[in-house]
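Same chain, two partners: chain A is paired with chain B first, then with chain C.
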Partner chain A sequence: MAATQEEIVKGLAEIVNEIAGIPVEDVQLDKSFTDDLDVDSLSMVEVVVAAEERFDVKIPDDDVKNLKTVGDAADYILKHQA
Partner chain B sequence: MNPTNRTVVVTGIGATTPLGGDSASTWEALLAGRSGVAPLQQEWAADLPVRIAAEIAVEPSEVLARPLARKLDRSAQFALIAAREAWADAGFSAKAGDDPAVDPDRLGTVVASGIGGVTTLLGQYDILREQGFRKVSPHTVPMLMPNSPSANVSIELNARAGTHTPVSACASGAEAIGYAIEMIRTGRADVVVAGGTEAAVHPLPIAAFANMMAMSKNNDDPQGASRPYDVARDGFVLGEGSGIVVLESAEHAAKRGARVYCEAIGQGISADAHHIAQPEPTGRGIADAFANLLDNSDLKPAEIVHVNAHATSTPLGDVGELRALRSVLGDDVDHMAVSATKSMTGHLLGGAGGVETVATVLALHNRVAPPTINVDNLDPEVDADIVRGEPRALPEGTIAALNDSFGFGGLNVVLAFRKS
Partner chain C sequence: MTAKIKPSKGAPYARILGVGGYRPTRVVPNEEILKYIDSSDEWIRTRSGISTRHWAGPQETVAEMSVEAAGKAIADAGLTAEDVDAVLVATVSHFKQTPAIATEIAHRLGAGKPPAFDISAGCAGFTYGLTLAKGMVTEGSAKYVLVIGVERLSDLTDKEDRATAFLFGDGAGAVVVGPSDVPAIGPTVWGSEGDKAETIKQTLPWDVYRGANPEDVRFPAITQEGQAVFRWAVYEMAKVAQEALDAAGITADELDAFIPHQANMRIIDSMIKALKLPEHVAVARDIETTGNTSSASIPLAMERLLATGQAKSGDTALVIGFGAGLVYAAAVVTLP
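Let's look at the complex of A and B:
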């Protein structure tokens, strides 16, 4: 069963917490991964791989650069999850 | 003063070793003659011919924030911990620039290891084979590259005068400190954070070293396994950790009123050009390094009262080093208290030169030489005054000490320090 947007944001928050140590409550839709959440381009790859696994979705490398905010990623996953 | 021949001093020290999580606890254990060697508890160790090592006393995970630690190879974690201690010990309150006492453009780092991020490399290869390419960490390359410890210290401290990583196996840490001395002496930098680090406690390096017949197989007596100069020595015991010093031009240190441990006089360097992994049997290469030191510094043999020897507890190496020392320094060897601290720390490979420089600096500073443990039956071929059992007081007045490091590949490095 597909995850809701709320579930996706919660999942992303747990992933970002694991990788960058940011408190889960700080991971909000409008937050930029690089500017707000201390996720650099290398750590972003880790976030993507963890999200792919968690939400059963494929996020091609070419699409990763468009995922600037948590909201971008949540929308992408919502649209593409199996 | 001539900018190509500036006086260099040591103003800060830091360490994390098998004996303690900082330089003070390491030094205390060295003076007490405590061994850091223990049986390996890991599952993979059960089938290895060597099942002992000197593992770190305080795990980096207890010290470093997790998001930072997970992006650093274990060797870089050790180096960062030791560098932070050394930086604070030198009296700096923040990174260069934020602390106005040091200009970022005049601060460098030189931190070396023998093998680089070997546990990262092998761990990620396991992931590649077991879980596929997508799971290989994007941090793998910046973690495993040998210059990663130096680079991470440079980033942490805002050091912009250069970040370097000389690699010469077990001489790496000493070569790094020698390189740093030259950076300051020649005017490229005013302050350099330098040392060695190593994290190679993993079945592959252990199997490889064991198959070279280089390691002690004294699994039944871990604390007695590293026994330089004893007739029963049968190879080195692998250790891990890091030792870092802050080197500074004497002028810069005086200007900011820094506490000075001692002068870093310089170094002697040579290459054996003999065999990739065996010492040159006559000791010619090592002797050349001692001679090179005397030729290129104002060190007087009469000043040398202490030697922190390379002495890894191998049958040939330990006595070869002393033979070379005697061949160059003659009767002056008689007033040198020789310590083999690897009897307690194990052999930290590229980390050894860093940790042993910290020990040498503290020996001069406190005027006491640490003991060599496990010398139950002194090898009759040892023609030097080995400090055994108890620490030994060093004389008053101007005294100097040497720290020797020799690496596979044939590089010989002798560092010299002096306290007035």
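Let's look at the complex of A and C:
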């Protein structure tokens, strides 16, 4: 069953916590991965790959650069999940 | 009539008999890189794990560094230059397309008249060469094959490109591959993905200079799409590394050392996680003080791992090269 936006944000928070050590409560829709959460471009790739596995979605390299905020990523996953 | 042709007779198996390296004398710290780019020591260290690299001086040519590294590898193998009967040189930074630099190196070593040629396979050049050498030894066309990886990537570095200015280094690494009674180089898992040819590349072809005023054309440099290469290197190469383990019938628990191409410390760290390598496996992290030396990185890292005692002769190591092409090659080897 497809995940809801709330479930996706919760999942992303766990992934970001695992990869970058950011507290899960800090991962909110309006937060920028780079500026607010200190997720650099290479960690972002790890976040994306983990999200692909968790939500059964493909996020091509060309789309990764458009995912600036947690909200961008959640919307992308909502739209593209299998 | 079809006459009966005598087959060639090779050794039952092949192994790496010796390893040697040459690192240019000039050590370049991040502070020097920062003269040309708007960045910081901390940024460079966290993104790449590199604190210093060696850049070759005018006398430290591709041939000179190769001769130095090869001499050490030959001595380490307990051989002399006359014993070498094939010379393979992997490089992308020898600036004459013809003749191959391998013939000059063979001559300067005093190796007689061995077959000698260059290999263009980016950062997988050394592991490609290792695979060819193993084939030559077991097929019988050579007994002792010298495989050299050598680069002067400082010549192909855009010192004002903040994404790559800090990344590359210079140096040479070499091994001698020869006969063995037991398998000591496992099956190679190798290939190419030409659909990703644009992700790591030389900015301009050499013929851009034809008819152009050299002052109007920037010298070519190596560029890469960082995120795309990182994803491929970590996740796709972890699968290739696992296939090489499986092909050799070795489990990760049986490994003593992991010697990946020294592309970026973050790639190495993430590959270890993706491969689920056990704690006891010694991991080559030569990149910290050597930078990314493309085809030279694996033999240089192998030499350092052995010299520092982190690994020892007879240990079982997984080597994997990957880079521009995109190309890759991985195998399990017994260390010399």
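Following the convention adopted for this analysis, the second predicted complex is superposed on the first by the 82 of 82 C-alpha atoms of A that agree within 3 Å, B and C clash if a C-alpha of one lies under 4 Å from a C-alpha of the other, contacts with A are read in each partner's own complex, and residues count from 1 in each chain.
Heads up, the rule we're going with is that a contact is a pair of C-beta atoms (placed from the backbone, for glycine too) under 8 Å apart; a residue touches a chain by one contact, two chains touch by 3 or more.
Treat the numbers as computed from the prediction; the structure is a model and nothing was measured.
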item: A:Val49 touches, of chain B and chain C: first, second, both or neither?; value: both
item: First (chain B), second (chain C), both or neither touched by A:Asp38; value: first
item: Contacts of A:Gln5 with chain B and chain C, given as first, second, both or neither; value: neither
item: First (chain B), second (chain C), both or neither touched by A:Asn66; value: neither
item: Chain B versus chain C as contact partner of A:Gly21, first or second or both or neither; value: first
item: Chain B and chain C footprints on chain A, overlapping residues; value: 42, 45-46, 49
item: Touching residues on chain A, where the partner in the complex is chain C; value: 40-42, 44-46, 48-49, 61, 64-65
item: Chain B residues within the chain A interface of the complex; value: 65-67, 70-71, 134-135, 137-139, 142
item: Chain B-facing residues of chain A, complex; value: 19-21, 38, 42-43, 45-46, 49, 52
item: List of chain C residues in touch with chain A within their complex; value: 46-47, 225-228, 230-231, 234-235, 264, 266, 270
